[in-house]
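Take a look at the structures below.
Shared between the two complexes below is chain A, which pairs with chain B and chain C, respectively.
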Partner chain A sequence: MKKSILLPLSVLVAVYFLWDGAVLLSKSDIFPRPSQVFFAIVELIQRGLLLKYVVASLFRVSVGFVLAVLIGVPLGLLLGWFRSAFLAFNPLIQILRPISPIAWIPIAILWFKVDDRAPIFLIFLSSLFPITVTAIAAVQNIQPVYVRAAQNFGVTRIDLFKRVIFPACLPQIITSLRISLGIAWLVVVAAEMIAVNSGLGYLIIDARNAGKRYDLVVAGMLMIGLIGLLLDLLVRSLERFEEVKWGYSERS
Partner chain B sequence: MISVRDLGLTFLGKRGAPPIEVLRSVNLEVLPGQFVCIVGPSGCGKTTLLNIITGFLKQSAGDVLVQGAPVKGPDPRRIFVFQDNGVFPWLTVEQNIGFGIARRSLQEQREIVHRYVQMVGLTGFEKAYPRELSGGMRQRVEIARALAPNPEIIYMDEPFGALDFITRLKMRADLTRIWQEEKKTILFVTHDIEESVQLADRVVVMSSRPGTIRKQIRIELPRPRDLDSPEYLDVRDEIFRTIGMSLKVGVG
Partner chain C sequence: MSSGKAVGLTVGFWLVAISLLHATLNLGLFAPHKPAVAAPFRVGFIPVTCHLTCPVTDFINKQLTGGSEFEPVRFQGWPELKEAFISGYLPATFILAPLAIRLREDGVPIKIVYLGHRDGTAMVVNRESQIYRIEDLLGKTVAVPNRFSNQKLLVVKALKEHGVPLDQVKIVEMAPPDMPAALFSKAVDAITSGEPFMGQAELDGYGRVLYQAKDVWPGFISCVLAVREDAIREHRDIVQRLVDGIAKSGKWLDQTMDHRMEAAEFVSQYYYNQNPSLLRFVLSKPPDRVKYTNLALHKNDFLEIEALAKDTGVLKGKVTFEDYTDTSFVPLDSSIQPYAWDYKTTK
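On to the complex of A and B.
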């Protein structure tokens, strides 16, 4: 078997037995064994909750993330290009940026009540700043020779954005999408623990509060990890497009 | 017809430092269809002069007239070929070459691109991306991209500076052939004296600090030029002497 499959597989098998052995040794009747987590997942599937909660979480992440992309990318490109707009808005961005999306939860609940809009708003905030800031930096660091060449061919300002500035920044923008989607997936779980009554985050907190069902808690955690991995692979596949390959090192 | 009259450029010194005079009373006439090389030691302001003539940079004194009209900025009738890589890495070879002719009909674009792909010897590489090409091939793309919109004048700023010696010789031969076929006016900046004598109808020798024209030398040698002929060597040595360089290396 190939090394790249054999090595991680053996680590996973080792973790399985370490986990199982540790639970048996500790004689804990609350912390679940791996097999109990497996049956918890089966139970969630049978009760129709797994699909429902996964869809709920993914829906919130998608809406919030897509809104952040639609606003953050053009906003970043414009702020990166127009110096005075950058000077005007950068301090505001730099103050808002370090505020954890979690800190916005009380305000989100105040504005949107316990409703899908609260986590969507939090996801939007958590993705907006990394995307905008990266797009700004990408424009500011663009090779001046590309802009000069394009201007020499007499392109209009709109064409300059469409045909040069946007494609020149795209590799970095895709990297920022990857990072911010990762953050969004972290944030949705936290938001669902507080602000709504569905989703994987809600599942975890509800399973604990309603009956110390730690098998369901760990099942929820496992699903979060697996879906997070899938989301990352999805965005990563964008890096394989021929139009952006030049922006990444040849290593990977 | 390019006409540079009493051109000067002075940068204000930073924080009380004395102003820096980069160019002083430069006078230059280039007739349609001529191939003129500007040579000089590095730092003599030859690239700066070319940037002003193109309209990328504003002079502090004097005039630049093209066809009798003062230059107000870059213009698609006069295309600049860059020293470093100005080819867009997110476009294929044919998309790069077609960059400046996007307003023509698709049929026309295809014909023009095809013609220049052939002229610069890139047949078979139309769909390749710049990262898949050698430095010499990328510079060919850049030259074809400059020719495609059928400009009257081509400005070249050390276009072969980053290439290895053998590739450079080949590129000079090809550029001479293209110039003979296309009958463009070419203003070519280089620090390489041999290159200037191989290519130009006239060599403009600059001296540094402040950059000014020291001598203009007509070269009436027939093309293709014999790099061993005494006439060729005479012209070359005259330029070496003008710049104040000895042709001997080491002490006797």
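On to the complex of A and C.
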């Protein structure tokens, strides 16, 4: 078998037995064994809940994240290019950026009540700042020779943005998309603590309410991890496009 | 096609697909039989037995009339419920009594219109611990659900009556669902909250009841039904039907043990998502662990809550019983008849 499969597989098997052994040794009545978690996932599938919850979480993350990209990327490019706009807005962004989306939960409920909009807002916030800040930095760090060369050809401002600045920034932006999608998925659990009644985060919180269902808690954690992995692989595939490779090779 | 367009199309397609799936699976937008209820009256609750009359009223209403003008909205914790109430999303909610009074003190236009239950709280310690009397709590850590909870005041009352100085007991706030595990792992020495979380620790074998609410504070009130003043003005009739429904459900629940076991069945399945055996346990062992009759608002009950709350700094004492209650909805106890409904007819 290939090393790239064999090595991670053996780690996973080791973790499985360590986990199971630890639960058995400690005689814990509360912490679930891996097999119990597996049956919890089966139970979720049988009750039709797994698909529903995965869809709900993916919906909120998709909408919140796409909104953050649509606003964050243009905003970052503009602030990176126009010096005075950057000076004006950067302090505000730097103040808002370190605030955890969890801290926004009370405000989100007051503004958006408790339907899907509140978690979407939280996910949007969590992705917006990393994307914006990276886009700003990407524009500011463009090698001046690109811009001057383009200007020598007499391109219009719009063309300069479209053909030089945007492509040159794309590799960094895509990296930031990867990171911020990861953060968005991370926030979904906290965002679903608000009284929505679906989603993987809700599953975990609901399982706590249900008494001793820590098997469902760990099942929810596991699903979040697996889907997070898939999302990351998906965004990574963006890096294969020709347009992006241009940026990498030229900038190396 | 350029790859930019391809990515755009894929993202667009994904957004449409996931939105449609979400709308179908979770929002029920394409469900064929959408009941045409004109803006149902939302009532907030948390899956604890203190709020049991909320789902019971809703369920029996639906069974008797085929629909309900109320929409019970389940919350997972007090802060979120409180925020939804303040923001006006919830016109009415079950809420901790001192928390409701505190909101009134802070200028939130709400009134307490009825009680939700009596008793239904216990203090549980680890079975192996050496805590056998309230005096043994000296130097220990006790978890309470919220600083504005009556469970906290109950602890204070118990300690006072047994001569334990308050500053010698550490009181921490913890979400009730986390309490059994915290007790199991001995992160805290004692836990107290509404049921079924205390029953959980008992049922699983590592918890031992130190006291039931009724032993310390007979007729203990943890939660009340509070309504926003605008809802009282605009929907007097609906609020009255809600109070009447709760009164009837309460009588129904306390009528026979069979009714309680039936309630444990449908509430755990449709509203609380808890193990039915857990609800069966806390509703029957002992039968007066929690009670759902005698729900009228009595000034003396609230004066006692106020006094303890002021002592511990939970309330400022700015509002009076007359400010924070509206007793006009309270039905005459002798006139309340239990719901005439048979569980076996459930559709």
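Convention: the second predicted complex is superposed on the first by the 244 of 252 C-alpha atoms of A that agree within 3 Å, B and C clash if a C-alpha of one lies under 4 Å from a C-alpha of the other, contacts with A are read in each partner's own complex, and residues count from 1 in each chain.
Everything below uses one rule, namely that contacts are C-beta pairs under 8 Å (C-beta built on N, C-alpha and C of every residue); 3 or more make two chains touch, one makes a residue touch a chain.
On a predicted model such as this, the values are computed, not experimentally measured, just so you know.
> Return fit or clash for chain B versus chain C, each positioned on chain A through the superposition.
fit
> Check whether chain B or chain C contacts more residues of chain A in the superposed model.
Touching more residues of chain A than the other partner does is C.
> For A:Q151, is the partner it touches chain B (first), chain C (second), both, or none of the two (neither)?
A:Q151: touches chain B, not chain C.
> Could you look at A:D29 and tell me whether it touches chain B, chain C, both or neither (first, second, both, neither)?
The second partner, chain C, only.
> Considering only the touch criterion stated at the top, classify A:V164 as touching first (chain B), second (chain C), both, or neither.
first
> For the superposed three-chain arrangement, provide the angle chain B-chain A-chain C between C-alpha centres, rounded in steps of 10 degrees.
Approximately 160 degrees at the chain A centre.
> A:L51 contacts which: chain B (first), chain C (second), both, neither?
Only chain C; A:L51 stays clear of chain B.
> Considering only touches as defined above, state whether A:S4 meets chain B (first), chain C (second), both or neither.
In the superposed model, A:S4 contacts neither chain B nor chain C.
> Report for A:S84: first if it touches chain B alone, second if chain C alone, otherwise both or neither.
In the superposition, A:S84 contacts neither chain B nor chain C.
> Just how close are chain B and chain C at their nearest CA atoms in the overlay, in Å?
Superposed on chain A, the two chains' closest C-alpha atoms are separated by 13 Å.
> On chain A, what residues does chain B touch that chain C touches as well?
242-243
> Considering only the defined contacts, which chain A positions touch chain B in the complex?
Against chain B, chain A makes touches at 145-146, 148-154, 159, 163-164, 167-168, 170, 242-247.
> Okay, in this complex, where on chain C does chain A touch?
Touch residues, chain C against chain A: 2-4, 7, 11, 14-15, 18-19, 21-22, 25-26, 47, 73-77, 79-81, 83-84, 86-87, 89, 175, 177-178, 180-181, 184-185, 196-197, 200, 204-206, 272-275, 278.
> Show me the residue ranges of chain A that touch chain C in the complex, using the header's touch definition.
Its residues touching chain C are 29-30, 51-52, 55-56, 58-59, 62-63, 66, 105-106, 109-111, 113-114, 116, 193-195, 197-198, 205-206, 208-212, 214, 238, 241-243.
> Where on chain B is chain A touching in the complex?
Against chain A, the touching part of chain B is residues 54, 56, 73-76, 78-80, 82, 84-86, 88-91, 99-100, 102, 129-131, 149.
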